């Protein structure tokens, strides 16, 4: 077992080592402090935080609905809402264009009535990132909701709390570790989003050119810089994921003969 | 085979599997050329791998199987020759010029490069780091027009997608891209005085497994038959 | 002004059909084995589980009646619940737990705090007001749950096995405590338990629920005096025999005979108290006891300074003898033994 | 709550609708029965199944190690092994090249000693897919292992079963629903993999050109066909995800006052 | 050829330090309150939890001794365990569960099957051999667990609260059953329980564990005759008083006095049996009873046909009276009451 686990670890560690090994360390600082890189980094941080916030605001109710209601087609609905996790992002981006673009199912009305065009805006970046990142939050929170002891919620209801008050004061605090974990995963995914973003939002420095796009474009002209930028992203994601520790899974239970 | 003296047919009896790494803008044209080549050389077989030119350079330098490499510009080919990954000198097999791509029917009535300066237009270009972006920058400079694009795409098809999806009003792409987009879009010619011509150089790679067949393929491409096919997709003769 | 409940609900294979009434100031205990449906009845009263059929009326207000399309949601019912494992809010302090119901009703924080503190003092948790539930003992958690339920002034208080989560060691103390606090609440109370000691100690009336139905109701004394089911007989620790009385002799379904003193003919129950059974090693010859059953000893339980002897015979019997008698008889499982009972010691009543 | 959940559902449903709306249904059959599409589909199914198999073989031991051993740096290790879930796939592909390519940290030795070159082979496709897909399995299985009642495992040990026998006969059957769910997620992710594959394995028809790459290339020549192919992939992923139903999360517990 | 165990292990704040010996054919019951460390001792014996210090020797073989760096893994120990909730393999049938240990030892399928079937028949589960554990009742599950543990012919059998998971209703039957099956096993057995009835019914020897230490050992009769801790006194249901005897009078730490018949001076325990306490409403004047304590009634428990009265006084006391006496006295919680005991009824022994 451990041998196989070791191989698996190596398999994940080697590519990182590869990047570290090829990285042009001497010029790292120059590349990182480059004005365009900083702009892209700032934009990435902003949009990914927005995407995380939106994922929470809409993903938690969605997870709640999936965990708590029973209706026919619930598993189809869950599949629908997690599809973007496994879809090639570019396809996701094209689908978003068809939905929210100027000629899209909904976007055309936005355009006609409000003269509003979502693509090419920072908001579009946030939408694309939310589209691919939200499922991570939904899955984590739904699992937590399903495992939650419902008795305290029942208790709150009998004490006169409305559904909403109960949710806010009882349910939400109880699932907060899972919520935090889901948010972190979503954030990391949003931060790394590339294909859907460039397809749906385009790539313009300062408004839609995020860090992954900058990394990609840098490959054409300056592959060394792209390695450094990629490593920066990896470091950020890694730090965020490490911060999850075991909370991601809930603490392991104590074990007993009687357990 | 003999030297690339532009024979009308390749030497009979060319055998082997030629692996051709070609810029993705050649996808359709080369697919047809491949069919024609194998029809002429039943013993031979051609496998294509299309991708962005610079991705292909990475692949070749990482040892991807390749007998023939075609780049969409000279700068990218220079990376191959600089690294001495080529077995033959680059030969320009086709050229491409740029056009303005607009939606079908040209609803915004765009006629010239200067029209792109209209701030109400949604214009999308390629990023300056990729070949189509370099071309666009040069054309706009030639025409002394300042355009504020909404997006700088990582590849030319990004521009095409935006226009065909109706998300952009216009973009600057290769003439061949306009043609490939078919009925979803149409092109507005850019006059020769401001236009930029981009070369498609072709080489046999250093690690070619079937160098002879590779050369035969290049010969076929540069032959009249090959050139005729390229021409139908909008490529200019070298 | 009372609680009338007719709870009907299908629970998988179990059809729950329970009816009862609780008058103000009264505490009804629902006593029954695992899976009888007790908890479901409480949940229905609290509005946490809707009825399939039936009707629940609290203080003249119908809160659930599917036929009339009436369903009052739990937060509107004014019903306080002490949950089996207390279901305290783990992230809130004792004070915040108790104040929760008041805050949920929109009472301002300071006011809610004051009233909650009063309740906390009343249940003797003043020192723990700022502790989280994780830091409380079982008894303290139970008192917190009680204070939380009572702080909203419910018309009806429901308790689901309020003592089951406690260690045997502390249960007696907490039970005493609970009785004390329940006495100060003058509304209606319904308590679920499967411990007869709780029912005895706390309840005015008892309803025995088995397999979704009420099989017997009355005061604890009435029920224990005349058990009408094997379950109650086991609880009380007496031998219950069901059979047909004809001319002073009761015949069981398996054909065993019990001679009884006097009783009307017809289907009847007979109770043989364990301590009125006399055990002898050799078959008694000259005895005034009219009944003698012979069997083998299946099991021995020591209870305090007495021993319960379980005998497998025509009638499965439990006898209770003193330690001294036990030592004198030198009983071992598997031994053959004779148990006799005087007809006058056997109580008989119609089934 | 429901309103927000509804918005979230719409957000996921609209792009799909957009695709369906724009799809050239009349020519669908022609496009699907196209020889190259079929080749790509077959290759995709093959490689994604291989990737799933590898994810199971190596991911289960890894999950087991993460769930059961305690060692310093375990959360860093978990972060390392889930990084590829959130990384831009192209970066992952580049990293793989740097590790296993002809000039990579390890790849160079493979090349020198065995004259073996991994990239641009079907095996490389499997490696790239495994790299991005395995974390989904690891996460799911680790969570299941942590929630597992350990008593039956203890029982097996006292009955004379070795660790390995216990794992096979007791642990594995117990986590099999989670394993199935993790495998399905991995499979769906592997099936949709594009960026890492094209970077690490290239795009050779028949050997490395998978369905997502075919979709991508079809955009170059025949955007309509690319929509149809993308929809085919979506249908497959969707069907697979629906098949998960609630098993993904374990069944919801029955609820009682006494919970 | 026996079990010698000295189990030392730090469990958070609890320091576990337990020593005992079990001879072949003997069943030792570890009796103690929740969290005393009983389960941990069993796990250490089974090899599921390593010792910090100490030594475990089974049949002359040291299986765990940290000082000598000896640790035999669970699968090598030949120890059978019946787990508290049985820990059956849910995906295997009863037959496969019982055959598991044999298969794990490499015994061919057919052979293992035959031997497992013999065990299943022995515990009377022949009809359920092909059922999965989910379809078994508590008692059947317990018998499956027992058969599974015994099928591998262990030298030592460990049982962790084998009856705790059962309904009160079936517990007595299953206990009888278990005794029957345990009797046919002639190895050493260690059983953990916190039910004295189990210890009485099943064990040869009992060790009382409190807070990680053995506080008393002996036969059940010895322990119950002379409780040495509040815990045991509560289990047995007697009043235990600890104090200093000087000249026929025992003085407790709180200053209460108990006049006793005769005993050596020094720290001592005194036992007052509840049924030897006499309750009167008015302070008795002319009585031969040398001790009278006055207090208030805190609680009443009915046990069968007797009532236990808990009295809060200088000495907290529990008295037991008959139903008739109870009715005659008309006792209510809160009433003032006098309890008296004859000095000769009080048993005293050195602490």
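As written, the chains take the letters A, B, C, D and E, and residue 1 is the first residue of each chain.
By definition in this document, contacts are C-beta pairs under 8 Å (C-beta built on N, C-alpha and C of every residue); 3 or more make two chains touch, one makes a residue touch a chain.
No experiment lies behind these values; they were computed from the predicted model shown.
Across the assembly, the chain pair joined by the most C-beta contact pairs is A-D. Comparing the CA-atom centres of all chains against that of chain C, the greatest distance is found for B.
Chain centres here are Cα averages; for chain B and chain E they lie 87 Å apart. One finds 34 Å separating the Cα centroids of chain B and chain D. Separation between the centroids of chain C and chain E, computed from CA atoms only, is 25 Å. Of all residues in chain B, those touching 2 or more other chains are 161, listed in ascending order. Annotation for chain E: residues 43, 46, 48, 81, 83, 85 touch two or more other chains.
Touching of two or more other chains is recorded for residues 94, 97-98, 149, 151, 154, 216, 219, 256-258 of chain A.
Those residues of chain C that touch chain A in the complex are listed here as 43, 46-48, 73-81, 83, 85, 87-91, 100-101, 104-105, 148-149, 152. The residues of chain D lying in touch with chain E in their complex are 149, 151-152, 154-162, 165, 169-170, 173-174.
Interface residues of chain B, counted against chain A in their complex, comprise 54, 122, 124, 127, 129-130, 149-154, 158, 161-162, 165-167.
Here chain A touches chain B in the complex through residues 94, 97-98, 101-103, 117, 119-120, 198-199, 201-205, 208-209, 213, 216-221, going by the rule given at the top. Residues 33-34, 167-169, 172, 175-176, 179, 194, 196-197, 200-201, 220, 224, 231, 234, 236-238, 273-275, 298-305, 310, 320, 333 of chain E are the ones that touch chain C when the two sit in their complex.
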